[in-house]
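After this come two complexes, each holding chain A, first together with chain B and then together with chain C.
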Partner chain A sequence: MTAIGMPAVRIDRTRVVPWLQEYGVYIGVAALLVFNVAFTPHFLSLENFRTQAVQVTPVLILSLGMALVIATGGIDLSVGSVMALAAAMISLYLGYGPVVAVLVALVAGAAAGAVNGALVAFAGVQAIVATLAMMIGGRGLSLVLLPQLDGIRNPGIRELGAGDVFGVPYLVWISAALVAVVVFVVRRTLFGRRIVAIGGNRRAGELSGLPVRRTLLAVYTVCGLFAAVAGVLATARLQASDPNSIGQLIELSAITAVVVGGTPLQGGRVRIAGTVAGAVLMQLLVSTLIKHDLPPSWTQIAQTAVIIAAVYVARERGRR
Partner chain B sequence: MKSTAAIGTGLAGGPGGSGGGPAFGSGRGGGSAAEFVQRHGALVVLAAVLAAAALTIDGFFSLGNLNHIAVGAAFPAIIALGMTFVIVTGGIDLSVGTVFALAGVLAAWASQYGSLAALALPLAACALIGALNGVLIAKARLAPFIVTLATMLGAWGLMLAVSDEGTETYVVPDGLAVTPMVQDRFLGVGYPVLLVVVLFAIGGVALRRTGWGQSVYAVGGNEDAAALMGVPVARTKITAYTLSGLLAGLAGALNAVWLGSGVTIFGIGIELDAISAVVIGGTLLAGGYGFVSGSLVGVLLLNVIQNIINGIGGLSSAFQQVVSGSFLIVVVLAQNYLSRRRERV
Partner chain C sequence: MTATAEQGGAGAAGPALRTRGLTKRFPGVLALDDVDFDLSHGEVHALVGENGAGKSTLIKVLSGVFAPDGGEVRYLGEAARFDTPLRAQQAGISTIYQEVNLIPLLSVARNLFLGREPRRFGLIDFARMHREAAGILRDYGVEVDVTGPLQGLSMGARQMVALARAVVADARVVIMDEPTSSLEPREVETLFTVIGGLRERGITVVYVSHRLDELYRICDRVTVLRDGRVVHTGALAGLERLRLISLMLGREAEQVERQGATTFGGPHERRAEEPVLVAEELDDRQRLHGVSLSIRPGEVLGLGGLLGSGRTETARAIAGAAALRSGRITVAGVPLRRRSTGAAIAAGISMLPEDRKSEGIIPDLSVRENIALAAMPRLSRFGLVSERRIDRVVDVFVERLRIKSAGTRQKVAELSGGNQQKVLLARWLALNPRVLLLDEPTRGIDVGAKAEVQRLVDELAAEGLGVLLISSDLEELIEGADRVVVLKDGSVVGELSGDDVREGALMRAIADADADAAADPGCTTPGGPAAEGAGRPGGPQEHDGGAGPADPRAGASAGEGTPGRRGAR
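After this line comes the complex of A and B, so read on.
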């Protein structure tokens, strides 16, 4: 996992840039933590850490799926719309009970992901185009299904959003479990190796007999499924289905988390721990700015600057 | 600039190879059926949709309704023109929607200082954002979608900062000199529509008949080859993104004057409409092949469909997005199929 094989361009850069790419995200998280401990009142409370952990859940889960997609050299812009689709499904099928509603939402998300995957893998459409169309159409479809915000009073869904086990909210357990699953898949399974191999060189993967298309289809399906999980959890926490505003611009946070975490946009490499840290970094950044009374406008401008800086630092790796 | 013209015809094949940008159609005579569909497919569909609507919906072909469609299409069309340039270079500009919104708020705010300020401030600000996109993409070599996605957020933040976190709606004062030039009609046609015709004429000439246009095709066709042949790749890209920002700003400013206020929620998602329109119009998202007239047809097609959806009772306007997304996929699939066929020939 070290930066072996980076050709020397300039002495400084060859050392600093890979190091920043590798560990910059942890330094960022640490710096924000130190800053908050020093300057933010009541930061070091259990309640605050709980809030942060709950708030990071949607972006974290999205960025896990996104990391897999980006590792194959693709991108998924539709995750926010898939969240909206899942939210709409919950509201529509709640009449059959919370379990059925959640299952339908997850199936809908996986189906949307499978459509993306089929377009990318079998029809040869660029990932950005296929998922852009899903981003437009998915949001539209969820608004057609559920035109406005719909409050959810179901106790099961409420419990999912607000309940906890051993003092840790369900949401955090679920995201931790998903992180563990993805780490296992990436590190220990053939599927994980195939993802990285396809991202590294798709043609070589095809020639050496990897099931490239099937793997791509599976990766996009998983990304859609994870987006649906994020949508279900966000809906449960909000206790309302809001297809209009849920997941707006969240794809940007998810992509940034992945890129900041050291997974290059060109694919061929994936870092789940970095991705988790990246999601935490984005969450801490926003909450720090908000806690210090910066208005939303400046929060967004600061996010813009961080994203561009992160992508700029990460870019070097792709050019060998 | 003769050398770049030669590159343009030679390299701008895009995935199709034979479907060269500038040389297409004019030099090659009729061309095959596949080329015809790629080039005029959107126009045929538009004609069919118009004919079907005229036969089934009462009052669709009234002058009032047609003018309504034309004016509604005018501002998206201006954005789509800039998007066409960017997409032909092989990039994408996702920031135009919030740039459009920012321009509207800036124009409404600046209109208290007169017409000139109401146009100059948003145009300057939006051209700057476009130039920033261009520099980050061309010089720093970052991926276009992530840069413009980030500036989409940044422009939105700026808009919130200007409008007191979105709570303030600035009103364009009555009697502003520029207002009648946007709202009035000339021979029954709204001025914005005339402006669109003029802008597309200029855009078409710039893309087809100037050295810059040839460079745009060359960069989109094969960037490395274009750079090796001496095409100013970075400058071409920066100009394309600056123009895209500028045109989105113009559309937003005019829209604010048209509405009489700087509405803060306007423009979300408009970039997706613009991209759909450009792609439906036959421009390849891979870059290197496209034409502005197709984008105009694409915008018109989407607006006619929107008009029909609004005309049919009981369908929400969100349905438009579903149609738009499905359309995009169908067109891209058709384009893929067509360019594969061309490759085989």
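After this line comes the complex of A and C, so read on.
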């Protein structure tokens, strides 16, 4: 109880932990890149980068919406189910043409998000409970609408999933555009400032006349909309609507990407660049393990390790 | 008083606790600089200084929250280093923070004995625990149902439970951080009795407070910190009050004297007779039963009354932050239709909330973002924020309110309490309000910042703002306000204006309003306010409510103000 400690170690901790939280994700990405360049054959090929960029798309887009929700101090567990809902809508409305089908899918996603938002903002239901209900109900609804996998032959949708402009796939263009939009919203708009203020201290926001409920409703709606975008793109790439397996457990990857990227789970802060890096980190981790012929179980264990490390670092910050 | 301390110090083996050359560094700040701090057995030791002087850091180092960067702590004669708060507690150093750290959902008795419950056959002996808990708490003037959850208790009662818990846990040193900031006068008395008891048992008390009256009443010695250094330590009895203030501020005594204890000037010149704010018959069915008041431009209206009398509720209702069942609020002749904080702000009402931490600052955001928070819509166009306009507004207020920070991009959580309060004031002033509601604007901030805030209130009134001032500090209320409306149980029971705004008259107005309650034996026990504060359907409270209608007349005749006149002029 009365031991003489080593002050040097403690000083390091207080400095290293916040630094790790801010930049740890970039170090992780860099380390994986270096490792792959050195040990993975054909890693430095254009084709490989294309594949990686396409594969990261769904998680990346989900994590953008998730970052906004988490910044308000909430969470959205329903994004995987909303993807499934969007996939089912595509299949059901493809008869009216690809544009209508995509629009209906996006509207359905936004509506599901709005229901989440209304429950959280107006009914005062805890975010984790409200979105858990949507996670189960949304998946159930999409399976009712479309009980089994339905192949998609529509050339428009297939082009969306496989085509490219200047050698860069549509999927990558779309996710890059969404990243740009979200960065702009967070940095420059009133709405972005409100998100962070509400997450930092909701009561203070209310007393300062911020439209707290409206903002929360909007944030969850955007998250649902982004989930629908991810669902549409995943369906297009798969060339099939598969409400049963699309987006299963993907919410965990999205949450991990956000937290690893430096947005604390308790809200009040948002890091979009970090979130993008977080999504890339998860993608590289998985692909590295696959390329080195480790079984999928190893992938899950590695993901778990990253989650624990990220939450640990975040926890250190909260305790300070 | 002093004799006891000296006896204790000489009789026991050396000091209870001493530090030598204690140093603690934070990024950019030397929070503790070579601090030598001695505590004798059985003394009540005042620890004072402005916010940011290093008091909190010193407390946290002593209680194991921070590890020092240099220097040594000797506890009961041995070199000691507490890695965690738990270690410090086990060794006998208990700290009672402003925000009491107990578990709201557990019963009072369990909180009291947490971790050292009396056991029987390996199980908690509830009967014995409840019996002992009730007995112990009675000594602390808390008469409550010990089997009920802690969250039903008032802040004051909780503080007592925390204190009792520290003593139950065999504390040798009890550190109290602003213990009276949330207590009622009666509870303060009980606390002092308890502290006296601790002293007799040889327990050392470190007492941190900004209220000088309290220090002089119960403390034996004092240590003054300034900028992380000890600038004075010695017996309190021989130290002149003015000298103490000048030590804390680092200013000359004459300068302090010239400015007075508060920095309020004389009465304010009222520019117009038309009130800028009229509130009529505010009623929320719980805490407010028909409060009416009016404020003219350039006037500071004080709101007096005891804790729980409805002062805060009145301010919140006017600011649109609390639901009302009935009542009318008019700003500059225009009635407020929609009841929300947004509508109130749009009409020109700004409220500085009572609880700076939980309702004011957004800790993770910068000073700049915190100041701009409420005015952000006005500083943006088409939903896009203009950094340039924000900077312009922020710079104006940082300069005007003399907000000290490492830059406007610094996190507001890293500022001292006084500067945080100024940031909040800036947030509200940035809205260019017509009416400013200040709920305990100087609570828990250092003497220097307090003086600045008071001076600012004067200036704002002179500029034509209508100000509503709520303060538990009578001196502040009297010197700051042109007129004082006294509340009791959610009704106006008296009004003082002009030369009647004096300490004696105000105390009388409050006391007379309270006379009925005092006559009721159920209310004189300290358990009474506990139940009342918690808003429980306790007997005494209902009785008070029933007596309410009779009170206004009693208060008016004795309190020299005429309720009939309020709002009419």
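Structure notes:
As a working rule, the second predicted complex is superposed on the first by the 310 of 320 C-alpha atoms of A that agree within 3 Å, B and C clash if a C-alpha of one lies under 4 Å from a C-alpha of the other, contacts with A are read in each partner's own complex, and residues count from 1 in each chain.
Here, a contact is a pair of C-beta atoms (placed from the backbone, for glycine too) under 8 Å apart; a residue touches a chain by one contact, two chains touch by 3 or more.
None of the values given here were measured: they were computed from a predicted structure.
In the superposed model, A:165 lies in contact with neither chain B nor chain C. In the superposition on chain A, A:144 makes contact with chain B only, not with chain C. In the superposed three-chain model, the partner touching more residues of chain A is B, compared with the other of chain B and chain C.
Once the two complexes are laid over each other on the shared chain, residue contacts for A:312 go to chain B alone; chain C is not touched. By the touch criterion stated above, A:208 is placed in contact with chain C alone, chain B being left untouched.
When the two structures are aligned on the shared chain, A:269 is found in touch with chain C, with no touch to chain B.
Using the contact criterion defined above for the overlaid structures, shared-chain residue A:135 touches chain B, although it does not reach chain C.
Residues of chain A that lie in the contact sets of both chain B and chain C are absent, per the superposition on chain A.
Chain A meets chain C in the complex at residues 1-5, 7, 10-11, 188-191, 193-194, 196-197, 200-201, 203-211, 268-269. Looking at the complex, you find that chain B touches chain A at residues 92, 136, 140-143, 145-147, 149-154, 156-161, 165, 268-269, 272, 275-276, 279, 285-286, 316, 318-326, 328-329, 332-333, 336.
Considering their complex, residues 75, 77, 119, 123-126, 128-130, 132-141, 143-144, 147, 248-249, 251-252, 255, 259, 265, 295-301, 303-305, 307-308, 311-312, 315, 319 of chain A touch chain B.
For chain C in complex with chain A, the touching residues are 67-70, 75, 78-83, 87, 90-91, 319, 321, 340-342, 344-346, 351, 353, 358-365, 369, 373-374, 376-377, 380, 383-385, 427.
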